Every structure is written in structure tokens, then in C-alpha cells.
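Each of the two complexes below includes chain A, the first together with chain B, the second together with chain C.
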Partner chain A sequence: MRNFKTTALLLTVPASLVAIGLYAAPILQVLALSLTEPKLGFANYQSLFANAAVGRVVMTTLKVSVMTTVLTVLASYIVAFAIIHMSAGWRRISLFLVLVPFWISVLVRAFSWITILRRRGVLNSALMEAGVISTPLDLVYNLLGVTIGMVHYMMPFAILLLYANLSDIDRRIMQAARSLGARPATIFWRVWLPLSLPGIALATLFVFVFSLGFLVTPALLGAGKTLMIAEYISVQISSTSRWDLATSLSTMLLLVVGIIVFAAMRSPALRAAFVARPQQ
Partner chain B sequence: MALLVIDDLAKTYDKVTALTGINLSVEAGEFVTLLGPSGSGKTTLLMSLAGFTTPSKGTIRLDGKDITHVDPEDRNFGFVFQGYALFPHLSVANNIAFSLRVRKWEKARIAARVAEMLSLVGLDNLAERKPRELSGGQQQRVAIARALAFGPRILLLDEPLSALDRMLRETMQKELRRLHRETGVTFVYVTHDQEEAIAMSDRIAVFNHGRIIEIGPPRGLYKKPSTRFVAGFLGENNFLSGQRADDDETMVEAFGTRFGSTYVKGRRERPGDSLTVWVRPEDIRIGQATGDEIGFRATVVENSFVGALERILLRTATGEEMVATLRSEVAVAAGQVVDCRIDPSAIGVLPNEESHP
Partner chain C sequence: MRLRRIIEVGLPRFVAWCLLGFLFVPILVVIPVALTDRDYLSLPQDGISMEHFAALADWSKGWLPSMLTSAGIALACAAIATALGVAFAVGAWAAGGWWPSFMRILLLSPMIVPPIIYAVGMVKLWARLSLLDSYTGVVLVHVVLALPLTVLAIGASLSNLDQRLVQAARSLGARPMTVFGKVILPNIVPGVAAGALLAFVASWDEITVTLFITGRAVVTLPRRIWTSIQDAVDPALAAIATVLLVVTVVALVARALIERRQRQQKL
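Up next, the complex of A and B:
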């Protein structure tokens, strides 16, 4: 037994080395750079708070992330709720369709949205030809476009998280509610919704945290006009070589995400999401 | 008129028949048990009564009104689910109050009713607990209190005791009978446990293969079953082969003896027809037959002590085996040949299954 445990532990060593070498070490290096570039101290962090450009980028990031989270969780809940009510056959087909976007590169998806949403894109042309609008709508290269792309990217994750949570709920509880005289709307608000709060909390946290660090989608669909933190950091490193700004902003982002996750995990709803419910 | 009348009900899933030709009337205040092995259709009938399953054929009438297609939420039947299905996010009190809030009762009235229900099931000091903080027996009580809170006339119970251990099950049986007596609500109870059915019910409907095989009070079904299935399903029984005597149609020959059987009179059988004879283990006694008792000799194959009773396996003159349960003071040993006696009224005679219509 002891031998087996030692062997099992040894087997994790290669993966651990890779993780430390490729993940932990660079992060520590970023942290080190943020404190030493160009000279030792917290000066980089102080200047972050004084930097108006950084302030604007943070505000944009928050705005896009909140919008993305709200829209994604709302839409995904509707989809997941519908899927668990389908017959087994339709459920398989629907879950397959939910997974399809995973096979398509995020880059391809962003460019596809551009072809659909741009001023002379598919959607605007169709609407103009139909006579619904006379001048093309600004659907992309702005907050709206970025949000559309991000919601599209995040939805499969959120749907799967919510689907897992919703399909765990004992359906006899709904029958019990009906036998007690509750109609569908009452059952939804008083039973389904409270019972799915752990799933909703988990999906919200996941989507929000993921959105904060989004790079490719906002970069392409925002085209530099709607600038989010990740793209801003990327620009500081690759174009302007502002390592001090890039590393301190990266560290701040990591810290904020860490605090959010830590705080959220203390909420009862999220704790419930990670505690196995006793099956009755 | 009966409170609940089920008329020629049937349910078919694709090509599988779950229920067929169900006729059953339930009187107000009755405790009726639907008993049968799993897959016999008893739960399908209960779900049809609750409105969760739509029958393919037939009607269910409550007070003469057809409710076959009324939604579950409009039937006002209480339902106790297998596994209880309590609202895990609500306290005991709020679980019980659920149906009252749905019905928009006033606050004070709800509070009074919840308190009344809590004391009915003996959970007064657990009102603020969540279901997961309760034991199985306590959850069970909450489920019953919740189902009774809004004052249903009929309470449907789906194997409510199956998750509990033996001791608790017996306590809850008494508890359910008390609740039935005190509330006057009509109980329709599903179980596969024949002891439970016998102990609790006013009447039992025995199910097999989607049909009701027999309906009657427990005592009648136990003492005078008219089918081999019920004779074997309720309690322990010995089945032996017999035949109608060639020379006298009122006489039956079995296990090396012959006896008159009033129970078979009126059946259309001819001399020499083969029959099934049953006798319950507790009706076989050791000793010389007296009066009109049926006497026969048998060899003791083995005996085992099971507490108050001695279980004896006997081999009859025809080579068939039967179990007898005797009071422990009777001493018999394996290999011994003993005289046995049976009261004629304790013997059942059934036509063989092949000749049964």
C-alpha cells in the first residue's frame, strides 16, 4: 500500500514539473518584474492607479464582463432548462449542438461574427434589403460586438455547468409541488430557481472571471476601439515594451480574480454547488 | 356512493401494457392498499390517480365527477412520494406551508395550520430544521404532514416506508394507521410488502401483470384466496398437488390422504381432475387427528428453531415437501415419522392454473 502510494505520487511528478515550469515560474517572473522594473518598489502599482488610460480600460472590461455574464447566464439557463425537459433523443442532439462551437477556433468564430455584423455584413445587408433599416447599424467594433462575440464564446461552458446542476435536481420534487397545488410559474420561482442557485452562482463566477481576461474576441471584434485589459497588456508588451505597466497590471488582474473567486467560494450557494447532495 | 370509482382503466406504453381492466371503488375514509410485485402496475395506477400518468383508457371519478384528465395541481390529493421529495431549500415549517401559500391562505391561518400539522406528526420542535438535518423517519413525517396540510380528502402514498429500517417501519406503520384514524382521510397506499399491507389496510387490491387479481379485506384474502397467486403472495404457503377423487366428487385426494372439501363445491370439475391444494405452515399440527380433522403421516426432513416457533420441513407419503411451524415445546427430530393433523377449514383447494380461465 505504501509502495503504491509512493509510485502514485511519483507519477504526478512530470505533470507537476511541467505546471511549475510553464505556469508558476512565469507568473512569479511577472510578479518579480512588476516589482523591479525599472527599480525595486511598488512604484508601478502606484502609477497604475494614477493612469487614466488604465482606468478607462478597467471600466470597459468591467462593463463588457458584467454584460457578458448577465446575458450568458440568462440565455444559458433558458437553454439548459429546455434541454433537461427534452426527451432523451432530443437531449443528445441538443447537447451535441451545444458542443459544436468547441471544435471551432476562437479566431474563426470572431471573424465569422465580423462577417455577420460589420456595416456591409450579412445581417446589415439583409436588414437593408428587407427595408427594415435605411443605414447600416453599428453592430461590431464596439461594446455591442465584443459582447456578442463573448456571449457566444461563453455560452457552451455556462450551458454545460447549468445543465449538470439542473439535471441533478430530483424531478419528484416538482411532482410534489404540483400535487400540493402549485402551477408551473409558481414551481419555477419557488422551486426550480432556488434549487438551481448553486448552478447559477457557479456559472456566473466562471463566466465573469473568464471574461475579465478575454483577449482574442475583444481584440478582433473591438478592433482597438473597445479595449479590454488583456489586449491592453498585450499591446504594452508587444508594441510599446512597457514591461512595468504590463506586469503590474497582470499581477493586479490575477490578484482581483483571486479575491473574487475566494470571496465567491464562501457564499452558501457556491459552497452548495461543490458539496455532493445526498441522493434520496 | 363510493368516493373514488375507477372504471376499466388501462395504460399502455408503446406496446407494453402497464395496466389493464382496472376496476376499483374506494369508500370515503377507507385505507386501501395496492399490493403487488414490482412492475405489477400498482404504481402506475397510483400515478394515474394523482394525475401524473394519463390513462390510455377508462375513467377515474371522484364523487361521480370524471377527473381522469384533471391536472395533478387541480385534484387536491395529497401525495407522499417514495424518498419523500421534500423541498431541500425550505425548512420543515415552510415545506408544510407550501400548499397553503399556493392557496393564498392568510398568514395567521397558515401559522396555525402548520403548528397543528407539526403536532399531529410529533415534530413540534423541528419546525426550523432543513430536511437534510432530519432522520429518515422524521423526513417521512414531514412528507405526510406536507401532504395533509391543505386538507385533502384522499392521501396517495407510494411505498413510503421502503427506505426505512425494519424497526422504524413498524413504528411508522402504527403512526400511519393513527393518522388515518385521526384525520379520517381516505388512504390509497402502494407497497410490495405483504406484511405491511396485511397489518395496515381495510382492503387490499393484489396486482400482478397489470391486473387486479383479487380485492378484499386482508383476513379474507389470507384465509380464503381464490387464486394461486394471492394464496402464494400473502403470507407463507405450501402448495401440493391433489386430485378430485374418482368415486366421489366431494372428496379430494392429496398428500397420501383424502378429505371432503366444502371449499371446492360448485366448481365445474370432473372426477380425476388434478387440483392444487394449499395449507399454511401454521395450520399443520402434530398428533393424531380427532373429530373431523384430516390426518396424515409425514417424515421430518429437518427442523430449525426460529425463536417462538419451530420450523419443520416434512415429506409426505406422496414425496412432496411442506413446511410446518409449530410451537417450540413440540419436540420432533429429523428422520422421525410423525402423525399430522389439519383442520379441514384451513385447507384450500384451487383448480390447476392450466384449467383456470
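Up next, the complex of A and C:
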């Protein structure tokens, strides 16, 4: 009896050692360094809050993350809602159109957008040949380009989350509403929307948290001109070697993400949605 | 009445298809660019050319070595992450209690914690252990990042498994390792396979942490693509993007066909 449980616990040891030694420890060291590099105390955090460049980076990050989250969740809800109302054949095609970008490397997607949006890119050339514009538009390497790329990256995640959530809603409730004389618009606002709030909250949470710490798309589509936190941290460790700044900013980012996730998990509906997800 | 129906039903559906187009169509732009007859990023001008695909196969251009590097790292990562993930998921499922639940949260946290924070930590740790820019260093980091996926995939398989199977085997006198190896493991093969595949893909695609812990010696495919995007001239970049796109589409279609066949067999 005891032998079986001991063996089972022993099986969990190797992965646990890896998680503690190669994940928890290095991250804890980042937190520790932020308080000790170069000397013990909260001096790094004081200079962090006084630093105007950091302030600008934080504002850009918040602006892009909020815009991305709002646009992604809204657009994804429209798509997921349409997909669950399609016939089986169209649904398969739509899900295919979502799954291809979902599985394609984030680098390939960023590259596609650069090809389309840059000054001599596909879109500008087409618009100029059609005579709509005479000088190329600045569509990339700015806030606009970063937001387009981020929304494109986040949408497949959000659609799949919302699709799973909307598919679980009992359709008989809508039939009941209709038989009681509710119009389609009423059914949407008073039945569909309230029932899908947990899914919307979960998608909002994921997209916002991913956006806050996202490096690849902002770095490639912002090209240093639209600087977000992750890229700013990367500059501190790879070119300027400002470990004090990198570690204290990382700690702040971790703290913010931790608080958001912790607060979200206190809501029972979100917790249920989160726990149920792996089995989809 | 008719107009109202168009606005309430037709318009949202039209917007949904436009958004699906926004997701899918921009990716296709890499195909014409890969076929350009010029030696810079552009659409084909006087005809199409396959020379940029040929460049991918040219060893000296660096694309082929990067693909092999990535494939080797991803295979090693998949093997290690799957072994660790199976052992952990099965052990946690059989034992229960606070320790496995706590470790599960820690193992899954790389999915939520921004990878840039992990990159900062690993640069420090690998610098101290002289593992920067080494295959061992990259594989170990990829294992940590792939473990959440294997643990989730195998956990999903286990949640469909009947605990009474284990009780029956034990009451018949099976030893613990026999129960794990001959009763539990054969029943979760699909989950293990899915976990291994996810681990492979996670490693094959990983860029954020790899970017900071590699240099000249270990150039994975994503790292090679990253550098190439920043230069933004070489059409071979569009050729490799096209190859990755085709592989993804083929894999998704194959999966759909296999699932359909399985459904038909069940009927």
C-alpha cells in the first residue's frame, strides 16, 4: 500500500527537480538581484519610478496591450459566435482558417506583416498603383503596425477559447427564449452575452497578460521605435548590460502578471473555466 | 423586417468572414515573394523563379544547418520532456495530495509568466555554469518550456482513465512498476504521443529565450529567421516561410483526414 504511493511520488521527482532548479531558482534569482545589484536595498525601484524612459515604455506597453485586448476579444467573439452557428462543413473550413495561423510560427507571421505593410510593401504598392495615394503610408514600425501584428497573433487563441466556451452553452435556453417571444437581438443581449461572460473574461485575461510581456511581434514590427517592456528589458541585458534595470523591471512585470492572474482566479466562474480547459 | 434580419444576422456573419480572411490571407503573401525573380524582397516582376528554394538547400547559406540544429534540439527536447512529463503526470495522478498539486502549478507557470523574465534568469544561470551558446543549455531550457504542454496533454489522457483498473491490478498482486508500465502506460499512449508532438513543436518554434542564450555556435532556425527578418532583404526568408506554411497546412489536413477516418470506423 505505502509502497505504491511512494513509487508514485518518486515518479514526480525528476520533473519537480527540473522545475525547481531550472525554472523557479533562476526566476527567484532575478527577484533577488533586483534588490542586491549593485547594493542591497530598494534603490533600483526608486530609480525605476524616477526614470522617464521607463515611464514612456510602460505607457506604450499599456496603450498597445489595452488596444490589442479590446480589439482581439471583440473580433474573436464575432468570429467564434459566427462559427458555432455554421453548418458542420463551413465550421470545419472556418476552424481550419483559424488553426493555420494558430500553428504557424510567430516569426513567419511578423514577416508576412512586414512584407505587406512596409513603405515599399504589397499594400502601399497596390494603393499607389490604383492611384488612391501618391506617397506611401507609414503602416509599420509604429504603434499601428505593432497593434495589427499583435491582434493577428492573439486572435486564434482567443477564438479557440471563446469557441470552446460558446459551444458549452445549452442551446435549449435560446429555444426557450424564442418560444417565449424574444427577438434575436434580445436573445443575444439578454441570454448569449451573459452566459458567455466567463469565456470573455478568460480570453481578456489571457490576451492582456500575453500582450504585457510579449517580445517578438513588438520587437520586429516596432523596430525599436515603438518600445514595449519586454524589448526594453532585452536591450538592457544584451547591449547595455544594465542588470539593475533589467531585473527590477522584470520583477515589476512578474508582480503585475501575478496580481492579475491571482485576482482573476478568485472569481469562481473564471476558475471553473480555467480548470475545465485542459480537457477540451 | 427584412432589413432588420440583414442587419442582425447577415452583417455579423459578413464581418466574421472578413475577420477570418484577415487571419488567413496575409500569411499567404510569403508564397509570391518566395517565387520572386529578384534578389531582394519583392513580388515577381518578369516571371517566377525557384532559386530561393534552391538557396535553402545550399549548405553554405546556413539555412540547412539551422534546420538540422533545430530538428536535433527539438527531438532531444521532445524525448526528455515526454519522459519527465509522463513520469510526473502518472505519479501525480496516482499519488494525489498537496505536493503534486503544488508542483503542477509550478510546472505549468511557464505558460503564463512572460518568457522574457525567464530569459533574464537563464542568461545569469547559464553564464555562471558556462552553458551559454551550448546545445545542452538550449535543450534544457526548451525542456522547461515544453513540460507544461506534455503534462497537460498526458493529464487529459489520464483524466479519462478509470482508477479501478489500478485497484484491480494491485489487488491481483501487481508490483508498483508493473502497474505503471503495463496497466497505466498502455492506456495513455495517445496523450503521450500528443505531448511528444507538442514538445517538438514548442522547441522547434522557440525564439524568445533562445535569442538570449545562444550566439554564434548554436543557430536554431527561429534564430536564423529572426536575424534575417531584421536585415529584411533575402527572399530565401520568404522561401523558408513558405515551406513552414506548407508543412503546417499538410499536417492539419492529415490530422483532419485521420480524425474523419476514426469517426467513420466508430460508426
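One rule holds for everything that comes next: the second predicted complex is superposed on the first by the 261 of 280 C-alpha atoms of A that agree within 3 Å, B and C clash if a C-alpha of one lies under 4 Å from a C-alpha of the other, contacts with A are read in each partner's own complex, and residues count from 1 in each chain.
As a convention for this text, a contact is a pair of C-beta atoms (placed from the backbone, for glycine too) under 8 Å apart; a residue touches a chain by one contact, two chains touch by 3 or more.
What you are looking at is a predicted structure, and each value in this text was computed from that prediction instead of being measured.
In the superposed model, A:166 makes contact with neither chain B nor chain C. Residue contacts after overlaying the shared chain place A:100 against chain C, while chain B stays out of touching range. Once chain A of one complex is fitted onto chain A of the other, the partner contacts of A:154 are absent, as it touches neither chain B nor chain C. Set side by side, chain B and chain C differ in how many residues of chain A they touch, and the one touching more is C.
When the shared chain is aligned, chain B comes close enough to touch A:179, but chain C does not. Judged by the touch definition given at the top, the superposed model places A:202 against neither chain B nor chain C.
Touching of chain A by both chain B and chain C, each in its own complex, is seen for residues 278. On the side of chain C, the complex with chain A involves touching residues 8-9, 12-13, 15-17, 19-24, 26-27, 29-30, 33, 41, 43, 84-85, 87-88, 90-92, 94-95, 99-100, 103, 106-107, 109-110, 112-125, 140-141, 143-144, 147, 151-152, 155-156, 159, 170, 176-177, 179-180, 201, 205, 207-208, 211-212, 222, 225-226, 229-230, 232, 237-238, 241, 244-245, 248-249, 251-252, 256. Contact residues of chain A toward chain C in the complex are 3-5, 7-12, 14-16, 18-20, 22-27, 29-30, 33, 75, 78-79, 81-83, 85, 92, 94, 96-101, 103-116, 118, 122, 125, 152, 155-156, 184-185, 209, 212-216, 220, 229-230, 233-234, 237-238, 243, 246-247, 250, 253-254, 257, 261, 278-279. Remark: chain B residues 50-52, 71-79, 81-89, 98-99, 102-103, 132, 146-147, 150, 163 touch chain A in the complex. By the touch rule above, chain A contacts chain B in their complex via residues 170, 172-173, 175-183, 186, 190-191, 194-195, 277-278, 280.
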